[in-house]
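Each structure below is given as structure tokens.
The following pair of complexes shares a single chain, subunit A, combined with subunit B in the former and subunit C in the latter.
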Partner chain A sequence: MKRALPSALSALPAALPAWAITAAALTVLVIVNGLLQPGFFDGTVLQSNLTTFLPLVLVAIGQTYVVLAGDIDLSVGAVAALVNVVTVTVIAATGDGPDAILAGLAAGLAVALACGLVNGLLIGVVGLQPMVATFGTAILFSALALRILPQAGLPVPDAYWQTYGGAVLGLPTVLLILLLAIGFVALLARRPFQTWLKAVGGNRGGAFQSGLDLRRIRLSAYLISALFAGFAALCLTGETASGDPLLGQSLGLGSVSAVALGGTLLSGGVGGAAGSILGALLLGMIGNVIFFAGLPFEYQTLVQGLIVLAALAGGVLVARRR
Partner chain B sequence: MTGTPETPALPMPAPTPLGPAIEARDIVKRFGAVQALGNGRLTVGRGEIHALLGANGCGKSTLSKIIAGTHAATAGSLLIEGRPVRFATPREAEAAGIALFYQELSLIPPLSVAANIFLGREPRTRAGFIDRTRLRAETEALIALFGDTAGPGLTPDALVADLTPGQRQIVEILKVLSKSPRIVIMDEATAALDARQVAVFFDILRARRAAGVSTVFISHRLDEVFALCDRVTVMRNGETVADLCIADTDQDSVVRLMIGDVRKAGRRTRADRPAAAPLLQADRVGGGRLRDITLAVAPGEILGLGGLQGQGQSALLRGLFGADPLTAGRLRLDGQPVRIRAPADAVARGIAYVSGDRVADAVLAGRSIFENLAAAVLVRERRWRVGAGTLAPRLAGVAASLKTKYAGLDDAIGTLSGGNQQKVFIARWLATGPRLLLLDDPTKGIDLGAKADLFALIRQLADSGVAIILYSSEEAELLDQSDRILVFNGGAVVTELSGPTLDSFHLTRAAYGDAA
Partner chain C sequence: MKKRWLLATAVAAMVGLMAGSSEAKTFRIGLSNGWVGSEWRTQMIEEAQAAAKAWTDKGVPVEVVVQSATVDAQGQIGQVRNFINQGVDAIIINPNSPTAFNPVFAQAKAKGILVIATDAEVSSKDAIYVGIDQKAWAMQSAKWLVEALGGKGNIVVINGVAGNPANEMRVAGYREVLKTAPGIKILNEANANWDQAQGQQTMQNLLATYPDIQGVWVQDGMAAGAWRAIIAAGKKDKIAATGEIRKDFMTVWASEKLTSGASVNPPGVMASALNVAVLKLQGKAFKDGIFGGVYGNALYIPIPFVDNATLPARLKEAEGKPGYWSVTATVTPEQAAAFFK
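The block that comes next holds the complex of A and B.
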């Protein structure tokens, strides 16, 4: 059943990718920000901005794979908090040398994978509703984080945050991490796995009849999502240089917004992580521009909300055009 | 049935020379309390194209899904190339060389044609990435099988969502063929194809037969079956009733086997009344897949909609009710032109719609029986407060006239059986005092006693002057209740049955595309 559409939208070329509007908006914001903030294009300013944006970028990448399969992961913020407190606690318990830092990183990522496994088993194997299940596990993971570290504190060794804020192999560490993440996105996009995810999200019955192992595919997506939430937590730890059981609370819905802005359909089957990176950067830039335009901070949430709504409405209209 | 040699205890790696391609014996399948298959038998020889025929719901699709591993059999034995098997998933059946064409299509709309055909079996480079060059080349080679009949736009990179229904069906066929199966099950694989595409498709199947591939061919087009197949198995009511050589039989005999004894319908005796002016007239209406449907129904008349499932009967009823609005043609009510764009328009004009799909279309889950009963009345009478004090006894009266069994109006709807729930939904609409009642397979999944009550009521309504349009997937019901039957095929009315032609022989023959 076709419906009448706003003529402006029908006039867009049919081949226009869904993330094109986000890319255009991002470009505009970069220019505006450049005008408002004279030093915006300086290396140090770019690096500091990237440091601020990177956690959401990483979480949004992981979230994309879950959403592609038609699921959702609302627990990523809680996973990040749990990974953060586990990492700082393990480092504090094993001294402050490089070995202790590596042990902390490894423990943090292991905890992230364990969280992903719990989500994946509950949803992929037991068959719980993704939204409710990850909302529940988020509470569980947050409670564990508070149990491990009731109050913010436990500074990490200087080497940790200095490395994160500095450079590795001649590149700023944050840029290197972003490049690695982009590399991962590009590699996965060429693997059959991403097609399977889209198949599971696009037509679950058809994917089953085609012989795909739905349980394994959905579980893997939750593992990837939790792992990227873990990476984000390690970055946040480098930024704040301490533990905080309440960290990352905006990452859950923030990442879903970034994924939607990046052109991935929340119903699954269409999209990709490259768009989510743009979406996450766009959300970050909105905050920046509001700050440098001298608007009160409260507007940031308001504007973010409006932009996410507009992007979702646009996605629905584009989908109806088909 | 031929005797089967002792089956080897260990699975053998290569096809054994022993035994037929498929031998299904005494297969039983129950879905909950419903028995879909009571005694499914099928023997398909190597390199044979074997037709599997039967009326709606006779169990042929269920049997083929058991062979392809989509369903697990409740009981019975299945031998593939002489080896006993029990598939838990489609993948296991695929590993045994079996591929099923899915009637409801297993395609993923947002993925490309190539990604769909090779889903889960993508050619890979040594590094484990998708080998796009090979993927595209192999897809192109497959599409080339259909040559220029594939139509424009069917390319490896096209999205399945952008294809026509016929092209999607071709993609589904290519997906089956790409698995190079030794046994193929084609369940209504020609439904959306045009004549040229069908001809090409049959040539492909004959070429595969020459290469030793066995095909189970399910189609509602009997002329296709007789043009293509070597043997035919006929099923009726979940049981296999015949296994014949095509050369030894003809279409009329097969139709008789499909329906059993040709029954004269125990028609309702219609009160003699002067021919009333039609209440509703549809003039060449269409929309979606409906084409040029013209009909009229008079007060006191029960008009039946017949044909195979999914030929547009439900679409028409939903269209008349405004649930999936009609886009072409004209409607008249009492001779006056009307437009029905949404169910609210229909309700305001005294039209009621009862769907057999209770979960999707009727039930207010978790709410009380009273709320479920009151849903339509509240809309029809534009009440601004519920007024349960007066409404409850009234609704209870309507429900009682249907012999609805319940403990209290405040109980949750879920406490009732399917049949009683359906009575609640019919009572919901009766309470609005409709002039035209649209019944969309209203007895789906309810027991015999409840059916008898429902039909007694439907006849009573007709006698009191309500116009009724009834679609039922059960032929016997349709024949027993209807004054006339319009037979649907592919979204259009192919013939009208009344008087002497109102029997199951003519109905089945018309439904299977053979002009009556």
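The block that comes next holds the complex of A and C.
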């Protein structure tokens, strides 16, 4: 009995990637949700679901590159909060027009890159432990966010959130953002950079001896992670139409879970951002299905935890088989 | 297989339509709570469920769907989206943010869904607020404190979370009252994050720093902690301090013969909002000019008060209830009718 599960798994094709379980689970959840919720496949409902999931998808993509190099970034939620309050503050200070919105977006992304630079320098150059360092910078970034905007507020111009909730070039804006993100993931997967990242994460000593610039590679990963946290913050700003210094607190560990569900090893070296997108979507769909299954609310969080654990365990079993 | 599904669905839909024509329409109301971790919130949801059942028993079927989990504003927006996609008739929400829900509430309104915030006000023009005025809540207990001290004395203040909208409204409330009492001197205003243990610790520090305190104005459950520090310091007969509304505290209040008074933020606010929602869903129109508050969308409900005179009656109400049970009050359907034309 003890061996029944692994042997059943070994009957699966050997080339099965680690995120296959996540993809299968996601498919099942989509079907189940479609049965439970009439109208699930309506355009507006799909768009509304994607709007809910998109911030975590973006953060999980960025987190993947850090994790591939064997590091971790716990500060992404705080980066998102800081970018959000900087964006709304800059917009409010420069007026109401399109120029103000663009200035706000640019300022927000600049702040995101600055946060990534701080993380990258502390970890890649100074050599601090990633978990402790990003835990510390998270506190710092949150405190800065509270300092800039002590209380939730500062509405953004209607054009901002109406564009985000609407369509650009005939496509829903959220779908366009997702497609662009997927394009970025596909592009980076073909670049030597991703191979270097895996080398740094999988065998740091070997990577160093083969002449890779570890500092620069790890720093770049933190820049990408913070940049995507910044993108997520801009999406959250579109979703909430205002600033909130306490925004995004669930993004840090949520993104790490999505990355792990997506088949990227937290020890580094193996995986990819495509799996993380599936992982983030899976986390979102679990919450949906539980709601539409009509479970009593007292049990919803419990069941959610159990399903996440089961999905993670499934992925581990598939990975261990090889 | 698929055909059979379609057939079954079609039959079910037809049966549903026929049943619907003979019976009253069921109102579906989504209840969203974004923070778990105090019994007050649990009691809030239970009282709202009971109010829905009372409507159903009266022949107005009301079905509630509950989403309650500790989430950030973004997560609670997800809760609201689920309600919208499910096609509820109304959403009642205890919101985690005053501003973040503006776009999603606009979407709900566009689909004809009634949105009511309770316990914390929201800035959205697409929602209304049914609950207490946090400023008046603070003014009421501050007035009690001024009277209990005979208009003169040194006091300290213990507040909740700096920057939280409800906290800021309360601070504005007691400051306004104390401005009219020149004999009262505020020695210090501290924050203890609405945490009972932190409230107790802060009170200990204040007692140690200022030997000559006659009064304390402290919010919510932190009052129980502050009073514990006062009793431990042997000063319970020399100090008047605001209290709170849980049975456990009221029992101590009575047995230790404390001089206390407490404004009640009743957990029945969500049930009150539900009663208002059902009347609105029945097609009634609000009276003109009835909305107030900073955002102009608030229906304020009465704020009960507990003092030494009314304490015995309140304790009697609490008999047989668990220790964490809070004094409560609900705007009944009959009382809610006064909001409508």
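Keep in mind that, in the parts below, the second predicted complex is superposed on the first by the 283 of 322 C-alpha atoms of A that agree within 3 Å, B and C clash if a C-alpha of one lies under 4 Å from a C-alpha of the other, contacts with A are read in each partner's own complex, and residues count from 1 in each chain.
Keep this in mind: a residue touches a chain if its C-beta (ideal position, glycine included) is under 8 Å from a C-beta of that chain, and two chains touch if they have at least 3 such contacts.
Everything quoted here is computed from the prediction, not taken from an experiment.
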Label the relationship between subunit B and subunit C on subunit A in the superposed model as either fit or clash. fit
So, does A:Trp196 touch the first partner subunit B, the second partner subunit C, both, or neither? first
Can A:Gly269 be said to touch subunit B (first), subunit C (second), both, or neither? first
Rounded in steps of 10, the angle in degrees at the Cα centre of subunit A between subunit B and subunit C is 130
Between subunit B and subunit C, more extensive residue contact with subunit A: C
Partner chain(s) touched by A:Trp161 [first = subunit B, second = subunit C, both, neither]: second
Once the shared chain is lined up, is A:Gly287 touching subunit B (first), subunit C (second), both, or neither of them? second
Minimum C-alpha separation between subunit B and subunit C after superposing on chain A, in Å: 33
Interfacial residue positions of subunit A with respect to subunit B in the complex: 1, 187, 190-192, 195-196, 198-199, 202-203, 205-213, 265, 269-270, 322
Along subunit C, where are the residues that touch subunit A in the complex? 45, 65-69, 71-75, 77-79, 81-82, 84-87, 97-104, 107, 123, 162-165, 168
As the complex stands, subunit B meets subunit A at residues 70, 89-91, 94, 100, 102, 104-111, 115, 119-120, 122, 124, 128-130, 161-162, 175, 288, 324-325
Of all residues in subunit A, which touch subunit C in the complex? 37, 39-40, 45, 48-49, 51-52, 55, 146, 150-155, 161, 165, 236, 238-250, 284, 287-288, 291-292, 294, 296-298, 300-301
